[in-house]
Amino acid sequence: MNKPRLNIGIVGYGFMGRTHSNAFRRVPNFFDVPYEPVLKAICGRNQARAEAFQQTWGYESVETDWRKLVGRRDIDVIDIASPNDTHAEVAIAAAQAGKAVLCEKPLGRNAAESKAIVAAAEKAGVPNMVWYNYRRVPAVRLAKELIGEGRLGRVFHYRAKFLQDWTISKDLPQGGEALWRLDAAVAGSGVTGDLLAHCIDTAIWLNGFIDSVAAVTETFIKERKHNLTGKIQEVGIDDASTFLARFANGSLGNFEATRYALGHKALYTLEINGENASIIWDLEDLHRLQYFDYRDEGKLRGWRSIHITDGDHPYMKHWWVPGLQIGYEHTFVHQAADFLCGLAEGNVPGPSFLDGLATDYVTDAVLTAAKSSAWEKVGNPQ
Amino acid sequence: MNKPRLNIGIVGYGFMGRTHSNAFRRVPNFFDVPYEPVLKAICGRNQARAEAFQQTWGYESVETDWRKLVGRRDIDVIDIASPNDTHAEVAIAAAQAGKAVLCEKPLGRNAAESKAIVAAAEKAGVPNMVWYNYRRVPAVRLAKELIGEGRLGRVFHYRAKFLQDWTISKDLPQGGEALWRLDAAVAGSGVTGDLLAHCIDTAIWLNGFIDSVAAVTETFIKERKHNLTGKIQEVGIDDASTFLARFANGSLGNFEATRYALGHKALYTLEINGENASIIWDLEDLHRLQYFDYRDEGKLRGWRSIHITDGDHPYMKHWWVPGLQIGYEHTFVHQAADFLCGLAEGNVPGPSFLDGLATDYVTDAVLTAAKSSAWEKVGNPQ
Amino acid sequence: MNKPRLNIGIVGYGFMGRTHSNAFRRVPNFFDVPYEPVLKAICGRNQARAEAFQQTWGYESVETDWRKLVGRRDIDVIDIASPNDTHAEVAIAAAQAGKAVLCEKPLGRNAAESKAIVAAAEKAGVPNMVWYNYRRVPAVRLAKELIGEGRLGRVFHYRAKFLQDWTISKDLPQGGEALWRLDAAVAGSGVTGDLLAHCIDTAIWLNGFIDSVAAVTETFIKERKHNLTGKIQEVGIDDASTFLARFANGSLGNFEATRYALGHKALYTLEINGENASIIWDLEDLHRLQYFDYRDEGKLRGWRSIHITDGDHPYMKHWWVPGLQIGYEHTFVHQAADFLCGLAEGNVPGPSFLDGLATDYVTDAVLTAAKSSAWEKVGNPQ
Amino acid sequence: MNKPRLNIGIVGYGFMGRTHSNAFRRVPNFFDVPYEPVLKAICGRNQARAEAFQQTWGYESVETDWRKLVGRRDIDVIDIASPNDTHAEVAIAAAQAGKAVLCEKPLGRNAAESKAIVAAAEKAGVPNMVWYNYRRVPAVRLAKELIGEGRLGRVFHYRAKFLQDWTISKDLPQGGEALWRLDAAVAGSGVTGDLLAHCIDTAIWLNGFIDSVAAVTETFIKERKHNLTGKIQEVGIDDASTFLARFANGSLGNFEATRYALGHKALYTLEINGENASIIWDLEDLHRLQYFDYRDEGKLRGWRSIHITDGDHPYMKHWWVPGLQIGYEHTFVHQAADFLCGLAEGNVPGPSFLDGLATDYVTDAVLTAAKSSAWEKVGNPQ
C-alpha cells in the first residue's frame, strides 16, 4: 500500500521551479505512480526567497549551494530548473554523484556543453530527462500516435514557429533575476535556444533528424541597460531566428521564432503535411488538434477541430470529463508521471539528455548558418 | 444554337432589384441555361431613378406603373423586388395576366395576403417562386443533401438565429425609400417577416413543418421620426423576435432574430443536431460548412470545417477553382439558373408560393403567440 | 508566519469530490490565503472507496456517515459534493452544527428545498457558498468587470446555452453511482437543474433578475434500464430544456440546455448584446473572451479574441506567464481562494445560498412553464 | 450620358480568360467607370473553343491568331490571359502596336523576359498593368491603408505563404491545356512563379523592396507523363519553394509556397508584425482581416476579426449591404474599375509592368539561391 518515497531536490525557484514543483505535487492526485515523490529540498542562492518558496510549496528543507544539495545522501533526484549557464555544472556533478538527473531545456548553452553533460550521464549510467514539456501536450502526443500509425504517409512539409511579443519595448533591460533570457552569457542565445529549441525537439521527435539548415537571425534592439552592471550594453542575443531545413526523410522544414511578433504571447504552432493527412497544433489553444484526412469522403473533407478532452485522448482519462480542458502546467505533470513510471521500470522515456544534445546540434547549426550565410550540416548525436 | 429569349420585367430598383438584375445578367456566363434571359423592363415609381437603373443594368425599357408592365404582351416573367406592401397586388395581377411570377420574400405581409397570392397563382396555373435565396448557398444545399442521404438520423434540435445591429441608434428614422423595413404598414412586421422568415423557410425545407410555437417580441425603441410624415411616430414593428418550436418530426426548435445584436451584421446561423451527425452553418462565412459525424473514429472526432469551393460541392463546378470562394450574390444566380432550367422542364423547383405561405403561417403564429403569451398552433398550407 | 488551519470535511468522493479536493490542495501554492486549508476528512458511504480517495488526496481521516462528520468538533467547514438529493439534509444539519457550509450546485433539487437550506443557514448565521464555479473563469469575471464599468450600456439580449451529447445512446442506463444525473429522484430534474442552473446563475450575476419565462422541455428517450432496480423504467428527467425570458432590466433572454447536441461535450456559451458593446464566451475555449466595441474606429471594428492569460486579467497573475492557458479545474481553486479570503474578512463572497435559491426559483418556473404551456412569473428570493 | 466605348481584345480562354471577361462584363453594373468596356474580341488557338467562349461571354468577334488581334485597329486594349510562355511576345507586339496592355501574372517567365516587356511598354509609352489581383481584395487594401497611416510603426516581420494541395497525386500528368502550370517550358517555374509571385507582389507593395534571399526548392514527384508527348518525362518545375528574406526596411521575411500541403486549396496568408500593430489576412476567408493593436486598452487587447463588408471598407460601398460577403472574382472587377478610371485620368495605377519586373527579380533570385545554397542579392528594377 505504501509506495517507496523518492526524494527530489530542485535547483531554482523561478518560473520553472514553480512548474516542476507543481508537477511533483500534483502527480499523485491524478496518476497511480509507483513512487511517492517528496519535495525534499529547494535550492536557490537567496536564502529568504528560497524559504518563501519552501513555504509556498511545502519543501522539507532549503539549500543555498547546489553543491551541498548534490552532496546530500537523502536526495534521489536532482531536478535543474535554474538559468541555462548552470545546467552543465550542476548536471555533471549530479550525475557523478549518482543521482537521477532532470534538466530544464535547453540542456546546455550549446552542443559542447550538452556533449559533456551526456558524457557524464552515460558514464555514471544515471536516469536522465530534459523538460521539453510540449511533447506531453495531449494533442501533440495524439499527433505522435497518428504519425506512428502511418496515417500521414510520406511527409512533404514540417512547419513550426514560436512567436512572442514581450521584448519589443526598448526600455526593457537585460540580465538579472527575471530577465536573464536576454543576457547572452547566461542564456547562451536568444530565441534560438529558448523557443526554437522547443520547436526542434518536437520536430525531431515527430519527423526525424534534420540534415542541414539555412538561417537568418536578427537583433532588433541593439543595446539595452544591463540590470547587473547598470550600464547600457550591447545585446548579445538573437531577437528573431528563422531557418529552412532539409530533414533526413526528404521533407522540407520551415522554422521561425521571435519575440517581436505583436499579438502573439506564446504562439507555438506546428503543421505537418503528409501525402494522406495533415496535422496542425497551436499552443495558444493547446487543447485542440486540427486534422485533415484526404481519405475522408470528398465532399465532406475538412479540417477537423478535435477537442482533446476525451478519455481516449492521451493522458486525458486522468483528468476531468469530456469537454473540460486542461492547461499548460499539466504537461509537466504528465512528464513527471512518465518519469516516475519509467524509473520504476528501469526505462525512463525521452526526451533524454541525448535527445537534448540532438536539439543543440541543430541550434548550433542555425546560429552558424546565420553567420556564414550558407547552408550548414547538422551534427548527429548518434 | 440560339436559345429562346425569356423577357423579364422587374418591379423595384432597390437592394433586391439589384440582386435580381445581377442574377439574370450573370447566369448565362456561368450556367448553360435553356433560355436567354432578357432584362426587358425595369419598373419603379420614380422615372429618373428608373432610368438610371436602366442605364446601369442595361434594361431595354422603363415603366413607372407596374400595371402597365403587367399588361405588356412582350413580358414573360414578372419579378417582384419592391417593398412588401406591393407583393400581393402585383403578384395577383401578374398571375391573372398569365405571367410566370417571381416574388421577393416574404410572399405577403401575412398569411392572409399570401393565401390570396397562392390562390391566384394556382388558379392561373403560372410558374412561381419566392426568392428565399439562402436555400441556394452551396453549403446550405450540401446540408440538404446530407439530410436527404439520412446522415443525421433522428433529429433532436434545430437552432437558427439571424442577428443584425443596424437599428440600434435612436436617431434612425422609419419609413420611406431605404427605411421601409421599419414601417409596419409597408413591411407587415419587423424582424419576424424580414429575418425569421429566412430562418423558417430553410428550417421547413431541411427539417419539415413546425407544429406549434411560443414567442416573445420586443420593440426596444418605441418612437422614431417617420420619413414620410416628418413626425415622431410610434414604431409598429418588432425589433426582436424569438420563438420556441415543436417540429412535426418531434425535434425542438429555437429561433431568434433581432436588429439589436451589436457586432453581428448578418449573422444567420443554423445548427441541426441528429443522433448520428450535426451540422452548423453561418452566413457571415457562407462558404464553409461545419460537420460533425459520430461515426468518425473516436479519438479523431471533431467538427470538420469544410471549405465549400470544390467541384463536387453544389453549384461550385460552375465557378472558379477549389479554394476560391464565392459570395452572397451568387445565391441569386443559382436560383435564377434553377428557375430557368425548371421552367423549360415545366417543373419550377421551390421555394414556391405555397412554400412562401407555409413560412407566413409560422410568422403569423409567432406574432400571435407573442401577444397571447401562450403556445400557438401553426396553420398548415397543405 | 504560520497560518491558522481550517479543517475541511468533504462529503462525496465523485467527480465533484475531486474538483473540491484539488481546489483546497492547490490554493496555497498559488494564492496567499489567510488560512492553511486542511483536508481533514472525506465522507462517503463506501468505506473502501472512501479510503482509496483518502489515499489519493491525502485526507487525514475517513467517515462513512455524514452525520458523524457534521458532528465532529474538529471540522470547521462542511463541503457538500455528493448527489443533489443529499444537499438539503446535509446542509441544514451542518448549518445547525455551526459549520461554514459549501454546497455543490444546484443548492436543492427545487426551490422548496433551497428555501429550507437558506433559512437554516440564515438562522445559524454561518458562512455559506454554492459552487457555481463558472463565475470564476477569468474570462467570465472579466465580462463582469466590463459590465460593472458600464461598457455595454443598455442591454438588449442575453443568450446562453449549455450543450452536451453524452446521453444520446438508448443503451445508457439511469441511476446509481455515475449515472444519478439521469435519475429524477436523485437529481431533481435533468438538464434544467444540471446545466441551465449554471447558465442562470451567471445570467443573474451579470444581468440581474429574471421576471418571467416560457419554456419547453423534452425527454427524447422515454425509458431506460435503472441501475438500482435492474428494470426498464420511465425516465423522469428532462433531456432538453429551453426557455425564453424577460429580465427585470428589460432585456430578452434565450436559454437552452440539452444532452442531445452531438458534437458538443460541454459547450456552455453566453452572449450579451448591449447598446455599446457585446460579449461572447465559450466554455470549450474558456481561456478566451470575445469582445466587440462599437466605439472602436469604424473601419477597424471587429470581434476581439482576447487570450485571457495576461497578468491584468482576473486571477491570472497567480498562475504562469502570458500566453499559457489554465483550464477547468482552476475555477474551483479561484473559488476556494475567494472563500478563504472572504472568511477571514467575515465577508464570504457569492454565490451565496441565497443566490443558489434565486437560480432555483428560475429553474422551478422553467419546469412549471414547460408543463403549463404559458409564461410563468419567477419567484424573487429577496 | 453615353460613355466612350473601350474595345478590349482578350488573349486566352482558360481560367484567367474567364476572370478577365467577367471583370469587364460586371464592372459597369457596380462602378461608375468613365468608359463602356466592350468585349470586342476573344483570341484563342482553337476555333471551336473560342466560339463557345464568345457565346458564353458575349464577345463580338473571334480570332485564332493573336497577331491578327494585335493588328486590329478597332482594338484599344490587349489583355493577355494566356499561358506564361506567350506573355512576352504578345505584350511586346501589343505595346509596339500602341495598345494599352494588360497582362496576367507573372509578367514574364523570368526577369529577362519581363525586362524586355517593360522596355517595349516604356518605349511605346502605353498604359500597362499586371493582374496581381490580390492587391484589390478589400481586406488587403485595408491593410495597405493602415500601413500608409503609419499604424504599424517599424516593421519587424513579414510572413507569407501560399499553400495548395492539388498536385500530390503521382498520376497527374504534366503539360497541355489545363496542366501547363506543371510544364517548366511553358510556365517558367513551378510554385515560385505561380504562387510566390503573388506573395512577393503584395509584400513589395506593403513592405517595400527585398534585398536578399536564401531559399530551398524541391520537386517531390520527379517524373510525370507529359500530355503533349505522351511520354514519362522529368518534371522541371519546383513543387515547393521557400525563402528567407531581408527587406530594405530592415524587417525579416519568411515566404513559402507549395502544392503539397494537404488540406489547403488556396491558403494564401500574410502577416505583418510592427512595433505598434500586427495584421493577418487569409485568402480562404478573404472577407476578413485580423488586426491587433497594442494601443488598445491592456486587458481588452486581442486580435480583431474584422468582417470586411462595411461601406467604409475599400470597394465595399459598390456591392451589397454590411454583412454580405463578396468573393474571389470581385478582385478582378476592382482592378478593371481602377484601370478604367486611371486610363481616363492618364494615370493607370499599379501593379505596372515595372512592378511585375520587380517581382520577377525576386523570383529569379529565389531560384538562383536554391541552386547556389547561398544568400543572393535581388536585382532592383529602378
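Letters A, B, C and D mark the chains as written, and numbering starts fresh at 1 in each.
In the analysis below, a residue touches a chain if its C-beta (ideal position, glycine included) is under 8 Å from a C-beta of that chain, and two chains touch if they have at least 3 such contacts.
Only a predicted model underlies this, so the values are computations on that prediction, with no experimental measurement involved.
**Q** Name whichever of A-B and A-C has more C-beta pairs touching across its two chains.
**A** More C-beta contacts join the chains of A-C.
**Q** Could you tell me which chain lies farthest from subunit B when each chain's centre is the average position of its Cα atoms?
**A** Computed centres place A farthest from subunit B.
**Q** With chain centres defined as C-alpha means, what is the inter-centre distance between subunit A and subunit D in Å?
**A** Inter-chain centre distance comes to 42 Å.
**Q** Just the number, please: Cα centre separation of subunit A and subunit C in whole Å.
**A** 36
**Q** In whole angstrom, how far does the Cα centroid of subunit A sit from the Cα centroid of subunit B?
**A** Whole-Å distance between the two chain centres: 55.
**Q** On subunit C, where are the residues touching two or more other chains?
**A** In subunit C, 264, 303, 307, 310 touch at least two other chains.
**Q** Residue numbers of subunit A touching subunit B in their complex, please.
**A** Per the stated touch rule, the residues are 142, 145-146, 289, 291, 293, 296, 298-307, 310, 312-313.
**Q** Would you pull the subunit D residues touching subunit B in the complex into a rising list?
**A** So the residues of subunit D touching subunit B come out as 1, 15, 18-19, 21-22, 25-26, 28-29, 55-57, 164, 166, 264-267, 283-287, 307, 309-310, 319-330.
**Q** Quick one: which bits of subunit D touch subunit A in the complex? Just the residue numbers, please.
**A** On the subunit D side, the touching residues are 156-157, 159, 165, 168, 214-216, 218, 220, 240, 242-244, 246, 252, 254, 256, 258, 260-263, 271, 273-278, 292, 294, 303, 373-375.
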